[in-house]
Amino acid sequence: MNQQELQALRAMIVAHKRWDTLFGVIGILALMLGLMTFAALFADMAINGLGRISVDFLTSFPSRRAANAGILSAWVGSVLVMLVTAFAAVPLGVAAGVYLEEYAPKNWITDIIEINVSNLAGVPSIIYGLLALGLFVYTFGLGQSILTAGLTLALLILPVVIVATREAIRSIPQIIREGAYACGATTWQVVSDHIVPYSSAGILTGVIIGMARAIGETAPIITVGALTFIAFLPTMPFTGELPAGPFDWLFAPFTVMPIQMFNWTSRPEAAFLSNAAAAGFILVLMTLAMNGLAIWLRYRLRKNIKW
Amino acid sequence: MNAMTDRYETLLPLKAEARNLSFYYGNFQALKNINMPIYEKKVTSLIGPSGCGKSTYLRCFNRMHDLYPGNRYEGAIDFHPDHTDLLSKKVDPIEVRMRISMVFQKPNPFPKSIYENVAYGLRVRGENARSVIDDKVEAALRGAALWGEVKDRLKELGANLSGGQQQRLCIARALATDPELMLFDEPTSALDPIATASIEELITELKERVTILIVTHNMQQAARISDYTAYMYIGEMVEFGVTDQIFIKPKRKETEDYITGRFG
Amino acid sequence: MNAMTDRYETLLPLKAEARNLSFYYGNFQALKNINMPIYEKKVTSLIGPSGCGKSTYLRCFNRMHDLYPGNRYEGAIDFHPDHTDLLSKKVDPIEVRMRISMVFQKPNPFPKSIYENVAYGLRVRGENARSVIDDKVEAALRGAALWGEVKDRLKELGANLSGGQQQRLCIARALATDPELMLFDEPTSALDPIATASIEELITELKERVTILIVTHNMQQAARISDYTAYMYIGEMVEFGVTDQIFIKPKRKETEDYITGRFG
Amino acid sequence: MSEPSARLKKDLTRHVKERVIEAILFLAAFVSVFTTTAIVYILVSESWVFFQHVPLGDFLFDTQWTPLFDDAHYGIMVLLSGTITSSLVALLVAIPLGTIIAIYLSEFAPFAVREIAKPFLELLGGIPTIIYGYFALLFLTPLLQKVYPDLPGFNLLSAGIVMGIMIIPYVASLSEDAMRAVPMALREGSYATGATRLQTALWVVVPSAISGIASAYILGVSRAVGETMILAVAGGMQPNLTFNPAEPGATITSFIVQVALGDLPHGSIGYQTIFAAGLTLMLLTLVFNLIGYYMRKKYREAY
Amino acid sequence: KVDGSSTVYPITEAVAEDFQKSKKNSIRVTVGISGTGGGFKKFCRGETDVSDASRPILKKEMDDCKAAGVEYMEFPIAYDALTVVINPKNDWIKSLTVAELKTIWEPGAQGKITNWKQVNPAWPDRPLKLFGAGADSGTFDYFTEAINGKSKSSRGDFTASEDDNVLVQGVARDVGALGFFGFSYYEENHDKLKAVPIIEKDGKPAVLPSLKTVIDGTYQPLARPIFIYVNVKSADKPEVREFVEYYMKNGEKLVKEVKIVPLPAKAYGYNLEHFSKRVKGTKFGGENKVGVTIEDLMKMEAK
């Protein structure tokens, strides 16, 4: 290659790299747009709501007077419902994901399950509410309780958990499976000793995305009968009067954060709107805490897993 | 073609014997009518160009192919002293794998502690007594010439070891359950020369206790460590014999061409 | 250690020359002060045990290590005829890669049609004229001895070809842009013997037109196809010389041990 | 040698135990099928009543949607047009932005940026949607009106855009995972021919990850189609047969929520329409998913 | 257990709050919002003790209750005054007659009456933008019946929302806007909106909505009563009895406090009396009635 050709080559490379730089800038801008929107929304809630955030706000029940109203029953309800959701969705979703990846033969039943899972991801949440009302409340007689709400949301986020589980399982090298089988392990031993523990980081990601969605849902929860005004807390295990069993709280009436928020946003008094902002702020903080916990857990888990 | 008419030339005890073994990946026949003895407490190595079916053959012995759909065996592998066909449908692949262990090309320690890696085979067998496991883990690590290096860090992750140590850890894992036959699939091809040398030494020691079948793409390695050598080519067993004889005066032209680097 | 004091024993034109080349993965020094000439329109092969740094060395030539953070070069690779130092910070790696193409161990066709796979390098250079591309694609496929097999299915996915065909497709892709130097990293280790033979034949033809540097773990292959051979061991260049001489009477003891299968 | 030795024989208890576990796991996987069946059963049985009152032809071809009015019309097209228009706007925002962000994070950004930015981006999906609704109504619409003064105060455009921002994390985060899963060998192959980052990203990485990217898009579409509150607040809730995003409109989901929580007596025809509308929506997402499924199937073996 | 309309919710919430306090939390009251229809559905299944309703019980619901053997008592508890509002910059409207409202809102106006000029040639040439409650709400039913003479008969091309704050935003932003919603939302936002005095019939004076005009019955026809329904069986439970009694005794004060128009004090007395006598059934015969003044209502109650 002579000098002249070399010059032409270099000129072309400079031209090409200009596009690279341009895209780099566009990429940063797009990323910033996303992050700034989040920051702006969060800041807006903070500004409108910060005046209302206090210990009282967290430890008071709802009230007709905006200044006295609090979110005690709402955040306790949210936490309990999320607990049920997590306890239902994680085992179910992981089991389903494990089945699809480790057991399922490649046949039409598997195909149907697969299409179903992704289809369920697109069913509007309110329809889950209608389903749960018919199924959990009336057919199974679970009542309009924390249990029903938790299970409903569990169904709602199941597809996300399943998809995340499958992706995580797929990233486990085949050689690890073969190593375990070669030791004489049964399929179930391989799954419980290896597949599930090693994919737990990825499963967590799915759980987090799902739970972040579940914690903000309103429509299905109202449909299954969440309340709005409730000025007492579910009986905690071992604290109530003696006949109360450790699982009574599952069947207690409840409300959750987003419902409280929606109710306040539709009230005429402006003071309630700042309550709503404050509740929104705390809701995002709760999500953030959940995420933070999971990201930390994920980090811990990943540290121990190297292929 | 049957290169095995002279297979009973020695009077050594057999550990296993492949008889008319064919194997199919779906419609693709990867092994063609293989006959081959495996003598007890000897090292038998499989050589041959890439893709000739060495790994496929090795993995028939512990029924690894059962893990994937569409695979099919034909013929038999007679396992001694039970005189049972390992490939029979009535045989439980899990039992087979409990008696025949395997070491892979790339070290594949589980992301668990060194101790748990070695103990895994015992746990799978339902062994829970701490003292029994402790003893066997130590014995296996000693057997794999790793005990000295790791005895103070049994709680550390297996992945924190060097490549050669990891491979020895995998060998310890395979040893812990007292297998009767050990399969090695190119156990040193991902390792550096020094680690390779230590593994080769280890294999030579192991044959005191267990029968070994090893795949290698490295003829020098086969020459160094094995008692018997089989040369495979595109799914067929071309020649089987005492290693020295195969490398010094092979009976078949194809084997000679391969060994002297002139096949094609 | 410098095994290269006699490196100008021939008077052939040089295509490139490594000078005091060292390379670091983070803190790990994978190449130690390597000196080596690469003669124009010859096939030079690199042999050595696994992990000795063959791939690492090869990938210095097209600055592949720049893709990963933490890697560091020392020394120089002088590229002729313009005497550009390939490793200089001032030289754009893209420019280097446009002049030096590479074929990898595992065939890695893009998920595109056969035609687009070969045309990729041209498109990257901004070539859009259909007729020019058509001509060059055909020439490259002919050069890679693949034209006859694929000329009627250029629109099909590259992944639909067999392993050996895929590797030839990758060679065609590397050829299409008229490189001055081609790098091959164990191009046949994932292929069966027949495909391997066809690739070897192809490489022998290619050297009429282009300089070739090839890594192989197969000494027979090195002996068959290369004019010059370099033996590496744990990051060092132990011996470089005319292939026949290296295989028949190596100067160094280490090389001889490796070639006769007795190192360690 | 027909009978295997005792030591190698199949262990029956272990075999049975494994089968039982497999059956349990299968049931877990089947929950999704069961859920769908239950949903379809509820929707179909309830819309059955509806379709006895409203001919299917009217439902599909009428151009007005006034099921709750005295002069009732049941043209689902009207709601479909709103759903499709707002989803399209959302996708026009989310797909380019999400894809650009995904490419940037996977191919351009330094490690630290990627690890920090991604979780925060994912938080965008965790903000209550009502907040997005008011964001569209009180911030974005006035902003758009500055550029385009004729824009009504309630419109599908700003609702759609905000919806798009909301689903960016779905598109970006999942596509980025898919792109990162592309084997390094393909990237190396591209760089080795002298390609720049952008050329490699657009011509090799994206096509290779297309199946994963497609499922990210599908999930995004599904989320957009199923979104409610943003439209209820900022979209106008005005049944309007239009594909012009600059007009107000109503969507299937917002209609369902409105009626399900409204003052209508349950069991009335007006109430029953939500099931017919829900069924339509189910079918719509099913179509999207089937397309996505076949696309993925087609490209799955790409590398 | 109380459930039902979101219009009545603030009152019931206030009552529940104070009632619980006065009982030192020994009695647990819960209040939900599932809409009047959803509330009645639960009420008629016997799941709730008290149902909040923004309209009288309808025929279908009466049947449901009967089928389930649920008997109920009906108590009006407050007035919901619908306020017609315009943008404060609108300087051409001083008052509106019911006839004019009808021209604007009747079904035939859909797509035709889109400009103020078309309603009254004296008014300027400005696009007319309409805002109102969603077609599933009691508010909407009542408004249409009062203005157009027939429940649910209305044009469809207006911006609807369940969330009156959204409507407030809409009207506040558009000079040509006209909307209707609950009085309290106007009260809270009267710096952003202007209420329109309504002329019921030619010859009658234009009346602005206010506490006084609603209570004395001059603000017509857009004031409607709202109710609670009590399950007769539950009424025998001491806690429900005490709750209802507390409701009626403190109703007036609490209703005012949540910015809703209370009934005259006398009316609560009647309610108490009826409660103790367990007067069952509805006075509305299963349909909405328009223009019922407090006087009428009390007369009906007296019957």
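By letter and in written order, the chains are A, B, C, D and E; residue numbering begins at 1 in each of them.
The rule we apply is simple: a contact is a pair of C-beta atoms (placed from the backbone, for glycine too) under 8 Å apart; a residue touches a chain by one contact, two chains touch by 3 or more.
Quick caveat: nothing in here was measured; it's all calculated off a predicted structure.
Visitor: Under the document's definition of touching, what chains do subunit A and subunit E have as common neighbours?
Guide: Chains in contact with subunit A as well as subunit E: D.
Visitor: What chains do subunit B and subunit E have as common neighbours?
Guide: A, D
Visitor: Please find the two chains that have the most C-beta pairs touching each other.
Guide: A-D
Visitor: Measuring between Cα centroids, what's the chain most distant from subunit B?
Guide: Result for the farthest chain: E.
Visitor: If you average the CA atoms of subunit B and of subunit C, how many Å lie between those two points?
Guide: 34
Visitor: Would you mind pulling out the distance in Å between where the CA atoms of subunit A average out and where those of subunit B do?
Guide: One centre to the other, that is 47 Å.
Visitor: Quick one: subunit D and subunit E, Cα centre-to-centre, how many Å?
Guide: Computed from C-alpha means, the inter-chain centre distance equals 37 Å.
Visitor: Identify all positions of subunit D at which a residue touches two or more other chains, and write them in rising order.
Guide: Within subunit D, the residues that touch at least two other chains are 14, 196, 199, 260-261.
Visitor: Going through subunit E residue by residue, note those that touch at least 2 other chains and give them in order.
Guide: Residues 33-34, 162-163 of subunit E each touch two or more of the other chains.
Visitor: Give the residues of subunit A that touch two or more other chains, as numbers and ranges in rising order.
Guide: Where subunit A meets two or more other chains at a single residue, that happens at 16-17, 186, 222-223, 265.
Visitor: Judged by the touch rule stated earlier, which pairs of chains are there in contact?
Guide: A-B, A-C, A-D, A-E, B-C, B-D, C-D, D-E
Visitor: Okay, in this complex, where on subunit B does subunit D touch?
Guide: Interface residues on subunit B, with respect to subunit D: 76, 78-79, 82-86, 88, 90-92, 94-96, 99.
Visitor: Touching subunit B in the complex: which residues of subunit C?
Guide: Within the complex, subunit C touches subunit B at residues 49-52, 188-193, 196-197, 200, 217-221, 223-224, 233-234, 260-264.
Visitor: Given the complex with subunit C, which residues does subunit D contribute to the contact?
Guide: Listed in rising order, the residues of subunit D that touch subunit C are 111, 183, 185-196, 199, 203-204, 207-208, 210, 299, 301-303.
Visitor: Give every residue of subunit A touching subunit B within the complex, in rising order.
Guide: Going by the criterion above, the answer is residues 105-106, 173, 175-186, 189, 193-194, 198, 304-307.
Visitor: If you look only at subunit D, which of its residues touch subunit B in the complex?
Guide: Residues 1, 3-5, 7-11, 14-15.
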